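Each chain gets a letter, A, B, C and D, in the order it is written, and its residues are counted from 1.
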Amino acid sequence: MNGATTNPDPAVVCMAAAQVKKCLEVTKRLGGENFVMWGGRDGYQSLLNTDYKRELSNSATFCRLVANYADEIGFTGQLLLEPKPREPMAHQYNFDAETTLGFLDLHGLTYKFALNLEANHGTLAGHSGEHEVEAAFARRKLGSIDVNRNECLLGWDTDMFPTDPALSTYVMKRIVDQGGLAPGGLNFDAKVRRESTDVEDIFIGHINGMDCYARGLRAAAKIIEDGRLDSNTKKRYADFDDTAIGQKFTRGEATLADLASHAATTTEPKVRSGKQEKAESIFNAFAYGKV
Amino acid sequence: MNGATTNPDPAVVCMAAAQVKKCLEVTKRLGGENFVMWGGRDGYQSLLNTDYKRELSNSATFCRLVANYADEIGFTGQLLLEPKPREPMAHQYNFDAETTLGFLDLHGLTYKFALNLEANHGTLAGHSGEHEVEAAFARRKLGSIDVNRNECLLGWDTDMFPTDPALSTYVMKRIVDQGGLAPGGLNFDAKVRRESTDVEDIFIGHINGMDCYARGLRAAAKIIEDGRLDSNTKKRYADFDDTAIGQKFTRGEATLADLASHAATTTEPKVRSGKQEKAESIFNAFAYGKV
Amino acid sequence: MNGATTNPDPAVVCMAAAQVKKCLEVTKRLGGENFVMWGGRDGYQSLLNTDYKRELSNSATFCRLVANYADEIGFTGQLLLEPKPREPMAHQYNFDAETTLGFLDLHGLTYKFALNLEANHGTLAGHSGEHEVEAAFARRKLGSIDVNRNECLLGWDTDMFPTDPALSTYVMKRIVDQGGLAPGGLNFDAKVRRESTDVEDIFIGHINGMDCYARGLRAAAKIIEDGRLDSNTKKRYADFDDTAIGQKFTRGEATLADLASHAATTTEPKVRSGKQEKAESIFNAFAYGKV
Amino acid sequence: MNGATTNPDPAVVCMAAAQVKKCLEVTKRLGGENFVMWGGRDGYQSLLNTDYKRELSNSATFCRLVANYADEIGFTGQLLLEPKPREPMAHQYNFDAETTLGFLDLHGLTYKFALNLEANHGTLAGHSGEHEVEAAFARRKLGSIDVNRNECLLGWDTDMFPTDPALSTYVMKRIVDQGGLAPGGLNFDAKVRRESTDVEDIFIGHINGMDCYARGLRAAAKIIEDGRLDSNTKKRYADFDDTAIGQKFTRGEATLADLASHAATTTEPKVRSGKQEKAESIFNAFAYGKV
């Protein structure tokens, strides 16, 4: 209840270590390719009794020991952290993708861990599921995905089967863009509603979820084939590739004074539309299909 | 409208550079000791037209140029970033303290920038104001504070004068704990309500705000003098300092196997109360005073 | 700034009356069929300076005067209130559909006013847009709709063009179910993003919005034709129509003792699945179409 | 799991009736003075399988049967409904104070039921605890209070012991204003944190809670004695009592045309400050005491 890797009592941290060590060994033995650590109680209920800095530092130490032990026993699978902002704790340290990547960077662990994301953990953190995927994708740290969904406005994890084709299309597009998700995968960490008590409901829930991601893949493939969405975004930033000052900035060779003097010697920048409605029009035509 | 440091058009980035350069020069000339960059439009409205990775990379490049130019002209004041999660944009890159620190770490900028925090930006990000202060404090990056307040449940920035003594006590305690806030300070980036149209209202708003932080400082001093709050927290983690296995873990010299074998050879850890109600009792007695 | 119908100063209420009177007359002259009152500032920023009861009572009086004047001049169009929970005020009295209907009921105004709903006002109130429509539909008070959308997680009104086919399908189904929306209609109280500065963007935004509701209508028609969704729901409650105790309860002729004695003399109720995943499967197949 | 008073199966409604009947009889026998119905599962998870209108109608029928049976057996205590917006269900019908009062009004049950409020149910509904109390107070329906607290930003019920003197002062002021709360009372429907495992913690939690409401009462008494807060609010609305047009409007004898012609014949209304900062200054001085 007071956390595993962040517990104030080293004796509990040792118990956690024993469990993780055993699980790593079993995972290797079974040929497992992924190993997810979810710090569900690694956070705080109140700052008034918490050493925030020490808990984070201890958690980093623990992750390092896990990475070392994985190497030692020759586990070649992927180690993953799973962000979640709260519930059961008032605050959990691996709050979201960016916070977790920052934690890994600070402690020199980024080389060894990727992220296991869950879209509804993103909404609990005030982000869209798409945002979480994008943050991990941008860092090449999108390791695996729990494709559950939440009601957006509920403040706890409902872990429902996914049904939103816009989200599944976005997620599958990023997976294709990065050349696949292996050794990670799409995981239904989902359940039917408590009120769904027929055996049939479990089949229907899984079918809904699989269809949702199958159509997401199909729509993503079409968007990539079509090419307009990506090329429009690329064009928006083209002057960083195509103008002298843009190239110099991008290469990191311009100084602040260079930029300022460019501003002084050129005309007012043109107003350029972000064309969000156009982008939505293209994306939604593929994601939502025809009625 | 499309961002300053993250604008898709390098010509706009150059305009931003010219402004920041001039402001830095003026700040130096005036003997300014702090220079805050708030990326109010450095974020996105939609991922569908945004190159998330490139925008963050450009923003880091820009910050580096600012740091270099500050050195070049001999500006010895403090450079600060101000986290805010959203509004006006749907997402802003400097989402909260941890995300902003992660951004600085990734791009090697942490040595040069500290954070300017605003409690109500924390609540917009789903954190308490105390959390934001703690995150910066833990990294020695608490540089300056805008002591406004929000209604907790409103989803936009109301920038009201502070009135909550629990928050001001927590903030002032952390400031005293770190030996002060200079060259930063407490800033009222606040305004009276639109409906408060008398001249008198502006005085009362400021008085409320100053009194709130003055009593926060007084309460913080008493809490530190009293000593129980900090010593209770310290005791909670004492076994990391006082037991052999705790010390070994803390020094980073234990392996996962060491921890696991400790767990195997010792008895079940004792259940230890977090004593949150006790901590609240001590803190609130000082923060809220006598009626 | 202190409200129109709820203003603490009767002189301002008189100004509001003059405006509303003139607008009613003009609306009649132009052959207008709807008259919407949106109480954007009829709420409070702080309870500490507010007479909650009096403001609500004054607002009801005002609405009654409007209804009387409409009758007096022979305005035969529809009078509507538009719920919105907050922004610009911290709290607005017409918080959501149920609260506004409760206000109308308490003050005997329900006979004269219907609701003009906006889906994103629902999400600001912690409801789905579907919920708001359902609450009004259930009372036969769904008068007109602003079909804007919000980002679900943003705490202010973004008034974007609608793009979500699940919402538009639900809304159009309820409109067909009640035999149409006249004299109300679907209104785009929407705008393109601030960053969408091309003339073309305005066209695309409108096309996205119109297509969204056109496909919603098409999908709704198919769902109604298909019949399974409604008949499944109807079957779920069938024992209220088909069993003796259910009928007696529904007719209001059973006493608590009758129900209790029925429970005592019959076997344990069967566990019955809510079959939510099945319902989602049917609804989404129509709403999202084929990819 | 599918609700008690709103269950789609009348056999379950009968079971609920048997339970409520027995509990009412036991309450009478024990001399109980309050009887609270909390519809924790009387709501929906999804509108797609729910007959919203029928469920609300059935719930009203059930409440009527309870009221009748209470009369029949001579139970003279208070019947109460307890609003809560969600959790465990996605939506619960007794969403907040106003919605619940609207439900009672629509179905002619207001004469018989009062509200049992819980501040943290208010924050889950997007309201402050103060708002919920005010809404019930304004209707003379503030029957009893569960004085728990939540973390404002958490989306589920944490049921912590109260510690906020501003809330307790506001609540106690309204209780004194209405001449007490009997036969209802202040109820700690609270628990210590899961991590608080010492017996002592339970004592401290209760002491914190009792002290919080004791000082709330003391502060409320002083605010009433001082008189400025109430008289300032009264003065803000004084022109409804002191001017001819205000009195006419308040008596319901003015027409829209009367108000409009008043506006036409008088000068522009004066800008009047809401003086919120002043009100906060007075209230907080009493609520927070001296440090």
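Here is the rule we go by: a contact is a pair of C-beta atoms (placed from the backbone, for glycine too) under 8 Å apart; a residue touches a chain by one contact, two chains touch by 3 or more.
None of the values given here were measured: they were computed from a predicted structure.
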Chains contacting each of chain A and chain B, listed by label: C, D
Farthest-lying chain, centroid of Cα atoms versus that of chain A: D
Which of A-C and B-C has more C-beta contact pairs: A-C
Rounded Å distance, chain C centre to chain D centre (Cα mean): 24
Geometric centre distance via CA averages, chain C-chain A, whole Å: 36
Averaged-CA centre spacing for the pair chain C and chain B, given as whole angstrom: 41
Residue numbers of chain B (touch at least two other chains): 2, 45-46, 86, 126-128, 151, 193, 195, 272, 274-276, 280
Touch list for chain D against partner chain A, complex: 1-2, 45-46, 86-87, 90, 124, 151, 154-156, 158, 193-195
For the chain C and chain A complex, residues of the former touching the latter: 123, 126-128, 151-153, 161, 163, 165, 192-193, 195-198, 200-201, 204-205, 207-208, 215, 218-219, 222, 271-278, 280-281, 284, 286-291
Of all residues in chain A, those that touch chain B in their complex: 2, 8-15, 17-18, 20-22, 45-54, 56, 58, 61, 64-66, 68-69, 85-86, 91, 95-96, 98-99, 101-103, 105-106, 125-128, 130-131, 134-135, 137-139, 170, 229, 232-234, 236-237, 239-240, 243, 245-246, 249-250, 252, 254-257, 259-260, 262-264, 266, 269-270, 272, 274-276, 279-280, 283
